[in-house]
Structure formats: C-alpha cells, structure tokens
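Step one of this worksheet: look at the structure below.
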C-alpha cells in the first residue's frame, strides 16, 4: 500500500511537471524575449525570432559531441542576435544518442516549443529516427554531424553540413593512392558505430577500385570492448602495415596512438574528421600525434579572422576548451540557416512548412562560406560538397597537405 | 611469436579486469549484493588521480594515495546513505539503488569534469621490455598491473584469513544471523568491506587508466560489467577466482579478436562464459553450495 | 473465507484491467480533443511497450524470483523480427493493422523460441549465475544483430552477417544494415495496438499467475525443495515462465520497432534491461498493477524533467535512490507505521475520553 | 551367499512386512543404500522393505543419518551405493519430482510450507499433477481447466477436513501455529496421492495432547488411504504406540530392526540409544 502511495506521489509529480513544462516553456519564450530588449526591438522590424532546435547527446557517453555542437551553435546565435535584424531563438534537447524513442521524444519536445527549423541531430542514429519525422512534419532539417548517407536520402527536406561517410572514405582512399601509392594499409574501425563502419566500407570499396594494398581490413572493435585496442594494433603491426587508417573519433584514436608508441610501432596514421580534437585532449602527449594525417574541414589553429574569433569565444564560454569540428559544424549550420532565412525572408511568423519549402529552394542554389569550408554547396540529395582538406600534424599544429 | 604478443595483451587487459573483479567479488562475498556502482567508483578514483597529478603537479604516488583516500570515503558515504538503510530487505532493492548511485556518479562526474575525454598519464614510468628485436613487447603497465593484482589477491586472502576483522567478514559472509549472535557488529563489518572495496576500486581505476588512457565519465561502466563477468567466471565470492576469471577473460577476449573475429568477439566471449557456467555452474573456483534439507 | 480469497484476487485483477482501460480511454479522449502535445502523443506507444516489458519481466523476477538482466535482448529480437516481417509482408498483406499483428506475433514467436533455446542450458543455473548468463545472452544478441544485414530485392529476402556477403539485386532495399540498424522502417504502430498489447500481456500474465501453473511457480519460489517433493517439475516451470516472458517481450519489441523509422541494436543493451528491471522492482515484485504504473511513471519522469536541462539525469538518479529508500527501507516503514499508530492512538484516546463522559 | 544377504545376517533378520502384505509387492524396497559426503560415509548398508499398508518407524540418536536417508529416498541426494525401488521401480538418477510421481511423498523436519500461500493453495500445489489440463488450456482459463480446478478445490477441502484443518483453509500457511503447520504438511503430501508417505519428526514441537491426536491421525491415514507410512520420530511414546515395525540407525547403519517389543529389549539399541536415557532415569 505504501509503495502504491509512493508511486501515486511520483505520478502526481510527473503530472505537475507536465503542466509545469507547458506553462514553463511559454514563460521561457516570453522571458527570452524580455531579456533582449534590443533584440526584441530589432526583431519588431522583421517579425518575431526564428526558432531553431537541436537534439544531441547532452548526457551519457557521447555527450561531448552533443555539447560541442551546442557550444558552437550558441556562439553563432549570440553573434547573430547581437547584430540586430533577424533574431534566432535556440533550444537544445538531450537525445542521449539514442536511435529511437528518446530521439523522437527530444524532437517532439522541440516541436511543442514551436521549432520552425531543425538543426540536428548530432549523431547518425538519432538523426535517422528523427529524419522520417521531419519529412512528415515538413520541417527543414540541416544536420551538423550526422554523416550517414541514409540521413539525407530520407527526404528532400534534409541537408547535411558534414561529409557523408562513404564519400569521406573514398576521398581518403584517393588521397592515399596519390600520396602513398605503395603503402601497406591496415584499417581499424568500430563495427558498432555506423559512422566508422560507413567510412571503412567506403574506403575499402574505393581502395579495391584503386588497387591499394590493404593488408588488414577486419581489425574491428565495438563500443563494448574498446577498452582494449592493443590486439587491433598488433594485427596491423604483424601484417607489416606502414599506414594505418583510423576512421573513428579521437577518443579511441588517442588510445591507439599511445599503445602503438609503447610497442614502438610507428606507421603513418590516417584519420578522418572525427580525429579532429586529438591535439586538445587534456593530458595527451601531442608528440605522439606527430606525422598524423587527417582529413578535417576545420582547424582551430587557423589564423583567419573568423576562426580566431570563434575559437576565442568558444574558449570563453567553455572553460578554455578548444573547439573541435563538431563545434565548428554547429556554428556553420546556424549561419547557413540564418543566411538562407534572411535571403528567403523567413522570420518567426513563417510556418514551419513554408520555411521548409523556402529553405529547400535556398539550399539547392546557395553557396556558403564557413569555418569548415569555403564555397560549400549542396546537391539535390542534400549532401554537401566542400573541398576535403587533408592536413598533417607537424610540431603540434595542422599543416595542409598540398 | 604473434600468439605470445596476443597473450601478453590479453593478460594486460585481463589483469585490469582481475583487479576490478577482486573488489566486486569481495563486496559480493560479504555483503551479498551486486554493487553495479563499483565501476563508477573506479572512474572517480581515476579522475582524482588525474587531477592531483595534472592540476596540483604532485607525484603519481601521492595521486594514488589521494584517489584511495577519496574513494574510501566515497564508498563509506555511499554505503551509509544508499545501501545501509536497505539492509535486510530484498537484494534486488539494493541492486536498483546501486544502479541509481551509478547514474548519479556518472552524471556528477560529467558536471564536475565535463564529458570531454582526458588522456590519463600512466603512473608507470618503467620502460617497456622489448624482446626478440621488438617483436614482443611487454609494457611496464602489464607488469605493474599483474603484480598489483597478485599483491591485492594475496593481501585479501591473508586479510580475510588471519586478521580479526577479516575473520569477522568471513563469518558475516557465511551466516549473518549467526555472526550477529557471536557478537560481531555486522553493520560495521559490511561498512568496512565497502571501504576496502572502494579503496581497491581507486587502485583499479588508476591501473585501468594507465593501461587504457582514455578517461571519461563512462570509463568505468563497461570494464565494470566485464569485471563482474570475470568475477562470476571465476566463481563470485572467491578471491583467487576473481583473479583467474579476470586474466582468462582478458586472454579469451584478445585471442578471439586475433584469431576468430573482431566483429563478433563480444558474442564469443560471452558464449564462452555461458559454456563455462554450464560445465561449472558455480564458476571456475566457486563452491557449489548444497542446500540443507 | 475461501470464496472471499478468490474474490480478492479477481478484484485486484479487475482493478488492474480497469486502470489500464480507463487510462486508454482518457488518453484517447484527450487526444481527440487535441489536448495532447506532440511529445505527449509520442509517449503513448513506448509507454505501452514498456508496460508490457515490465509486466512480462515481473513474471520472471517478481513471480518466479529469477533475476534476468537480458530482457532487452528478447525485446531486440522481437523488434528486428517484427521490422523484417512487416517489410517482407508489405505487398502480401493489405491492412496495416493486420501486418502489425502478424509482425508482433512473429516477433513474439522468435523471441519465445530463442528463450526456449537458451532456456535449455541456462535454467540449470540459479540466482546471480542466471542473472549473468541472461546478461551475457543480451550482449550476444546485441552483438549479432549489430552485424546483421537483411534486405529484399526482386528475388526475395536476403540475410547475411557481413556486407561483403550481402549483394542485393536491382531495386533491392536494405531493411537492416549492420551498425546502422533498421532504417526506413514504415511506422505502423498505433496507440490502440499498444493498448491491445498491454491488455493481452496482462491477460496472459494474470491468468498464468492465477492458474495452477502460477501456483506451482509461486511454490517453487517459496520453497523449491518442498515444491519438488510434491511432484512439481521445477525446471519445466522456470522454462514455461521464461518462454512466456520472452514471447511477450518479443511482441512488445516488435511494436516498439514499428513505431520508429529507425532503430539500432545498441538500443537493446544492458542499460535498457536494467531500466525495465527498475520498473519492476519499484512497482513491487509480483505486483502487476505496480509494474504498470511504475513503468508509465518512470518512463515519463526523465522526459518530464527536460526543463532541468543538464541536471536532468543526475536528479533522476537522486529521485530513483530516494524512491527506493522510501519504499523499501525498513526504518522508513517503521516510521510510517509508528506515525500511523500514533494517529490511531490519538483517535482511540478521544473515543475513550468520549465514552467516559 | 551374496553380499546382500551377508550384510543382512549382521543385524537381526526380522521381516518388517506385515502378514497381510506378504504376497504383495513391497511399496519401498531399499537395498544396501549408502552415501558419502566427501570422504565421510553418512549412510551405509541401509536395507529396509516396507509393505503397502505398514506403519514403520526410523529411530536413532541425533546425527545418526535419519534425515539423510529420507533425502536419499526422495532423490534430494543421489546415493553413492545401493538401490531404491518404489513400487518396484528403481529410482536411480531420477529427480525429486519424478520420484514423487512414483508414489513417495514426504514432510520435512524443519517445516517447508509455501508460507506466503493459503493453506488451501498449499494443498492444491500438492494436487498439481492431479489437475490434468494442457498448459495453454490453463493459461487461458478455458472451461476444462476451470472444471478441473473446481474439482481440485473440492478434493483439497476434503483432505484438509480429514486432518481437521478445514477452518484454516483460507489462512496464510506461514501464520498458522506450529502443530497445525505440521499437519498441513502431511495433507499436502497426501494430496500427491502417494503409496508411501515419509514423516520427518511429525510430532516435534507438539504438546502431549496434540501428539496423541497425531497418533490417531497417522493410523487413520493408513486406514483411509491404504498407504504405507514411514516416520522419523524422537517421541518414543509415539513410535512405540503407532509403529508396527521399527528400524534403529546409528552412524548411518542399521543396528536393529523389529517390532516395538523387540526393539525395546534389543541390547544393541539399549546400549546405543535407549540405554543412555534409561541410565539417566
């Protein structure tokens, strides 16, 4: 009986929260407007603020990626709102990198908030679950970092800011065939992660086509056993690989580099965009990454004005943390959306469906310059085309490979 | 030669599992609860050690001591607040509370240390031993972890076998009510067990991250589950069993990745576990208890 | 006395059914009046799924007293089977509802068969060893599904456990593609079907508990040796409960899978199993209505706490611990009963005083 | 002379079969039974034959191995040596529940009721195998099941009534007084329709008047159900009064067998067991 009462209490708590949230969200909407009197005045000229929503992992094992994207987006929103003119209201919800109910629920929460444009999701799994919803709801979706081809192919309203996985794998293979045609190549990848598997598959297909010498193609690990990556490194070492392709995130890559160093194995390591950030892992000995080749659209050490300003602001907001390409992608997403909205005359009063149609029109034609690339355009599927930039780590900074 | 290197790799990760499993098995053996928060105490230990070394610039031995101190305290606090009130009720209730504690520690760690990974600097400064022209490399971490797990295993065996407190623990483990009647303070004994288990977790955390340098709020959870598996493998409650189970699990994992399939290594490892349990239902070194009729 | 006991049982069961029906009707009314937000509408199906999962796990954990940590594994088998069946039957079966029911039955059946197959060896084990083996089973399933590729083309249905072995013909379509999971799933799950599933689960589980099988199962839990001594085949009963529980979990999984356009194997991991277990323990072991309510409340709780942003999960953890302490701690129970006695005492005194006057 | 008969010679060779059971197949036929735990021999060379409607007793000092013998008879333990035949069928390798189906039921020294269930349900668990109805039929509560269930309830009430427990049918088994629990365990065992019932200290914890009543009930069980009863008991008054044959064990071996009168006068028994008590007196 007591248990029953306790449960009942909990149920009431949930109910009250339900109620609280509904009224709460309205409140935040109004207070947000009050907080920015200048913005409101400015917005009065062009209509109310555009509501852009993001879902991403903000808690749990993948939260660093979600938090990075959110951090990047927040900077862009701040900058835009400070400018006056069209205002943006931004909200991020936690999807725990889940590929079904949690993701859809995070997205629904944003919809209830009145989201007009969806700027997520951060991870491929969540993006896939949400993509079909956005098609139904006719909400424009521009994902910063969900890179599987299937995401963009779900609907004509879905665009990507990052390279698609097979595309990136193929570019890597091409680069290798140009620069290191005689290398004996080993591939280590995360078979439980669609991003990593997608790149590895794209790479292997292209490598076969180009006749590259791939000696190890099945050194996989999973999210559950990545505590030990020594076996995979040993496999590559034993096969005599002098080039090891690492299509996964810097978290695990740091582990691979450290272990390879302890066993005195020094091939050329080759990473993808997920590798960006490795130099800024706290406590990581960056000399281990010396000579590492990676394909990244973003370089936090770049000296152009936009990057310097972005990195400075990001550090201010995030305890001195250096932004990685996730943050940069997020930043670019907001600017791309902002530019398109301004061009198409979208504001807070435009319905989501109208905005969706207008934005599709814009994105099929427009060209965007951002932190992650110059002259970025999108094809009819919503996949981005930007120049893949390959860099090599030299003296702790990225140096472009010509 | 190849196989030797794989064996060493297996022992390396296995010894880490073993030292975590020792903590698991001890708490289980005496308090009869599956402490799913153990893996997260490990994570806290590693963070403490990391902070002391990197932010305060103190030598690694001090950082280990600090981690042990903080984790012991943490263990006592967790036990007192979350487990002790439920003593004597269903063991499942305590299991769920332990899961709550695990969620709490992970999320607290995210708020305190952020979710970006940190690269743990190994506390082992020993140069790796290179044999046969570098074909076979034994890292200092392997030697230290194996040595540490053996020391901990022997220490625990001696402690429970020889000391007064240790004997009290064994008595509590055999029969709580009888122990109470014999004048043993059961509550205090269990609290002591948690304190020791958490201190071990700190050591395990430091060694885990010395072997696998990535440190994140979720660092402890997967090795924790693996170590739990290892403890059952060896016979949960048995101290040498945890050691054996950990090492074997590491070796099986590595060899299955090296020679069978990397994609399916998880499935292979757990299948082997199931098969072992079918042959020896109480684990490798566990006692098969006959129910008294 | 005897009939009264029977009545009490049927009465609690009746209450359980009524609560579920009332909740369904209420939600339908709210929904038709447009009083539900998108997110609230979004909870309807998963809540039904998790209620079914909690009730079916309660049969195993609460009623039989067997700790299982691999319930999500059965859910996963059901989910992927359901998705594949629904996709394959797309042209063969006309109505979505019929297809959904067939997919759910197929999901349940596959999960049940899996339950039977692993039950043969596994049910020889007891207690924590059974727990670890079910955990291992869940991990194995996750690992295998995560590497499975399935698709259909002109020649029919293909399945393989690596991309290289998987070659689809012209116009072929992947249903499951390895770590990407099931993609492009047609969402045919409905709240009504969720309600039907919950009612079916309740019907099966409550009937089972109140039948001779249920009596035997409870006897086994209470005292295994005594139950054997009166001719109860303990292993057979654990097996029956295990298979029924797996079957229901598989059905729930199929409904879950068909409610989202994508789904990955990693969803069906240890954490999901643990979450379902939390619903069961918090709702009360063997208490079916408790499972129904706690699954609904605890599923929505973290969603309802979205306003707390980054502090959401840490507060959820604290709430979880506190609720456990309040509902299970003997000290707290004593405190409640002492307080109750005091209140009663006050009333009694007043009465006594009154009668003296 | 074979091994078996040689051993038989060492102990008095009284036949425990009653006159009227002579031509019938013994319900329990145990030959040369033995079990070792580790290196320790707990029971050795245990032989006994019990006829279809016989009441026999098993006595001996504490730790003599009496309960172990019961556990062997019901396959809770598998014997190291020897054989057990129940109604002529060897129980070797069988599980407890299968042995029960052969016709052996028991009670426990430390009562093992299903404490959370009502007394009635306890008996109905005993009737489980009597309710013949397939799994799906009972799971969906189809009419044949409901019929079988109603019949089982009637039968259970009859059995409870037989032992004078009809009044407590609805009460939780765990909440019943000790003596009532002991009798309920007997009813539950009877419900499985056995041909022999093993009672492990049925009078333990009972007061003299309850014990007297139990004596009557034991006889009544035999006379009503026509089954054999084999009991362990420390209450000599009960054993001597109710049992028609008695076996005495010490250190896991039979040291004497015979009628109560014979046992009373057996010097080996007096020395090992009764002697001590009488010496005290």
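Chains here go by letter, A, B, C and D, matching the order in which they are written, and residues are numbered from 1 within each.
Just so we're on the same page, a contact is a pair of C-beta atoms (placed from the backbone, for glycine too) under 8 Å apart; a residue touches a chain by one contact, two chains touch by 3 or more.
Just so we're clear, the structure is a prediction, and the values are computed from it rather than from any experiment.
K.L.:
I need the common contact partners of chain B and chain D, sorted by label.
P.N.:
Touches both chain B and chain D: C.
K.L.:
Comparing centres built from CA atoms, which chain ends up most distant from chain C?
P.N.:
So the farthest one, by centre of C-alpha atoms, is D.
K.L.:
Give the identifier of the chain nearest to the protein's overall CA centre, each chain being represented by its own CA mean.
P.N.:
Given all protein C-alpha atoms shown, the central chain works out to be C.
K.L.:
Please work out the Cα centroid separation of chain C and chain D, and write it as a whole number of Å.
P.N.:
About 43 Å, centre to centre.
K.L.:
Take the average of all CA coordinates in chain B, do the same for chain C, and state the distance between these two points in whole angstrom.
P.N.:
About 31 Å separates the centre of chain B from that of chain C.
K.L.:
Could you put a whole-Å number on the gap between the CA centroids of chain A and chain B?
P.N.:
Going by mean C-alpha positions, chain A sits 35 Å from chain B.
K.L.:
So what's the Cα centroid distance for chain A and chain D, whole Å?
P.N.:
74
K.L.:
Show the residues in chain A shared as contacts by 2 or more other chains, in ascending order.
P.N.:
Residue numbers touching two or more other chains: 59-60, 191, 222-224.
K.L.:
Residue numbers in chain C touching 2 or more other chains?
P.N.:
Expected reply: 139, 143, 147, 225, 282, 310, 313.
K.L.:
Which residues of chain D are in contact with two or more other chains?
P.N.:
In chain D, the residues touching two or more other chains are 76, 108.
K.L.:
Contact residues on chain B for chain A in the complex?
P.N.:
Result: residues 2, 5-6, 9, 12-13, 16, 50, 54, 106-107, 110, 114-121, 128, 130, 134, 137, 139, 141, 208, 212-218, 222-223, 226, 250, 253-254, 257-258, 261-263, 265-266, 269 of chain B touch chain A.
K.L.:
Touching chain B in the complex: which residues of chain C?
P.N.:
It comes out as residues 61, 67, 121-122, 124-126, 128-129, 131-133, 135-137, 139-140, 142-144, 147, 162, 224-225, 270, 274, 277-278, 281-282, 285, 310-311, 313-314, 316-318, 320-321, 324-325, 328-332.
K.L.:
In the complex formed with chain D, which residues of chain C make contact?
P.N.:
Per the touch definition, chain C meets chain D at residues 1-2, 4-5, 204, 207-208, 210-213, 215-216, 218-219, 222-223, 225-234, 240, 244.
K.L.:
Which chain A residues qualify as touching chain B in the complex?
P.N.:
Result: residues 59-61, 63-64, 67, 191, 218-228, 230-232, 234-235, 238, 250-252, 254-255, 258, 262-264, 281-285, 319, 321 of chain A touch chain B.
K.L.:
In the complex formed with chain C, which residues of chain A make contact?
P.N.:
2-4, 6-8, 10-11, 13-14, 17-18, 20-22, 24-25, 58-60, 93-94, 98-101, 104-106, 108-109, 111-112, 124-125, 128-129, 131-133, 148, 150, 154, 190-194, 196-198, 201, 222-224
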